[in-house]
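The letters A, B, C and D name the chains in turn, as written, and every chain counts its residues from 1.
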Amino acid sequence: MFHHTTQIRVRYAETDKMGYLYYGNYATYYEVGRAEAMRTLGFTYQEMEEKKGILMPVVSLQMRFVRPAHYDDLLTVHTFLKKLPEKFMTFAVEIFNEEKKLVNGGSVKLCFLDAQSNQTVSAPDFLITPLLKYFQ
Amino acid sequence: MFHHTTQIRVRYAETDKMGYLYYGNYATYYEVGRAEAMRTLGFTYQEMEEKKGILMPVVSLQMRFVRPAHYDDLLTVHTFLKKLPEKFMTFAVEIFNEEKKLVNGGSVKLCFLDAQSNQTVSAPDFLITPLLKYFQ
Amino acid sequence: MFHHTTQIRVRYAETDKMGYLYYGNYATYYEVGRAEAMRTLGFTYQEMEEKKGILMPVVSLQMRFVRPAHYDDLLTVHTFLKKLPEKFMTFAVEIFNEEKKLVNGGSVKLCFLDAQSNQTVSAPDFLITPLLKYFQ
Amino acid sequence: MFHHTTQIRVRYAETDKMGYLYYGNYATYYEVGRAEAMRTLGFTYQEMEEKKGILMPVVSLQMRFVRPAHYDDLLTVHTFLKKLPEKFMTFAVEIFNEEKKLVNGGSVKLCFLDAQSNQTVSAPDFLITPLLKYFQ
């Protein structure tokens, strides 16, 4: 299994009138979690798009909202890969608050799209290779 | 079953560098869909919060992203209630583009929170009553 | 002078913990105002980008926040062109609430960018022509 | 003069179809800049709201967009106070990219609102005191 952790502080812009982190903004936190996870593997999502011409559209998303997060909370985003990507890459995510209580848990499934042909492709080798050691 | 339809035009602010409606912004479209659905039942989510002191936090969300939506697309958001709310209220959502092709489908489950006591409560009568005729 | 009016309802996603429409979201309302204004002139910003290859990056923005807007408020966005575009196109904007009180006023200045050459250009004829009758 | 620096990485969610950081999202970066600036002074905007009952609505905003920022850019946000706050508090902001080139410059003016009375008040002492040494 591959596991990565990053921290995100809740912005005022991201709260709603209930005083909560708006539920739609968790998708952005998931995005930051997986982008930072990929950076630790030695490449960036940005390079993958710009240099390799591979886009990763989201195929499905599911989330449970366990307790609210609030303005200025420093949240910890855990991002997990439980299996090697093949046609799809599925990230499991758990977000904890400063009291180490679970705020939100879920998963997001992405595919690989060749920007030139606009066809879905399998996970590219440059993504698989640095992941191999986590799945032995 | 209760069913409601509203239209939303994709804003530039809501697109991402792929040229797609960003996946996190669908949650906002779901929100608009259910707010407009409730308005047709004779009350607003705003009144429910301000006058009745009932908040509706989101408990869970699931979505499939079937095909991308793009800037300036006029999307049609279908919002369904397939059963009367009790402790929870679950909206099913389907979003179609101008070619009547499915863009996104999913569901969102909310609970009822008494703002004063901060306790979850059952669906209030003023919400159940106008829905009864759809479930006979 | 060219003048156009559109309406936008404040979404929950756009509010902040103060219960106000978050100040950064007015920029999106300005965007919707000018996009709808251009649509009444017989073309869309979307076509301008996709068919004509002209992008319109924002050069400067100024805003006064006169009174707060709140969730579910139906705001009226007035968009004005006070002179014909040349190298720049400046939209003046005034946003009013349902009590016809001014919520926000400001202006936004954009330039024209040829997507192919990445060079700024003058306002294209297809934009000037339908505007001429408003400036005689 | 008081000066503070923080870094923000551009999220995919914040880009638009031009591939730029969307112009409305700079307001959020300004917010993060001033929140982090206040944190270094020994208190948080969050405490100011929750414990002191002082809100800080934005009164005016102006920005110049000098060059685009892109996805994954690590931006440096400089936040300046050029004078002690009185009835208003004005932050000047300059945002630089990794090549140390100016991306955006502007200023934002806020007032102080007593949440209980809903009246504007002068800058509170707990805010002035830690700032005094920067203005001698």
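The rule we apply is simple: contacts are C-beta pairs under 8 Å (C-beta built on N, C-alpha and C of every residue); 3 or more make two chains touch, one makes a residue touch a chain.
Predicted model only: the values in this text are computed from it and were never measured.
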Between C-D and A-C, which chain pair shares more contacting C-beta pairs?
C-D
Superposition of subunit A upon subunit D: rotation angle, C-alpha, nearest 5 degrees
180
How many angstrom between the C-alpha centroids of subunit C and subunit B?
28
Centre distance in Å when subunit C and subunit D are each reduced to the mean of their C-alpha atoms:
24
Report the inter-chain centroid distance for subunit A and subunit C in whole angstrom, where each centroid is the mean of the CA atoms.
33
Each of the following residues of subunit A touches two or more other chains, namely 12-13, 17-18, 24, 27-28, 31, 49, 71
Classify the inter-chain contact topology: is it line, ring, star, complete, or other?
complete
Residue set of subunit B touching subunit D in the complex reads 12-13, 15-19, 22, 24, 70-71
Once bound in the complex, which stretches of subunit D touch subunit A?
11-13, 27-28, 31-32, 35, 44-46, 49, 71-72
For subunit A, which residues count as touching subunit B in their complex?
17-18, 20, 23-28, 31, 49, 55, 57-65, 68, 106
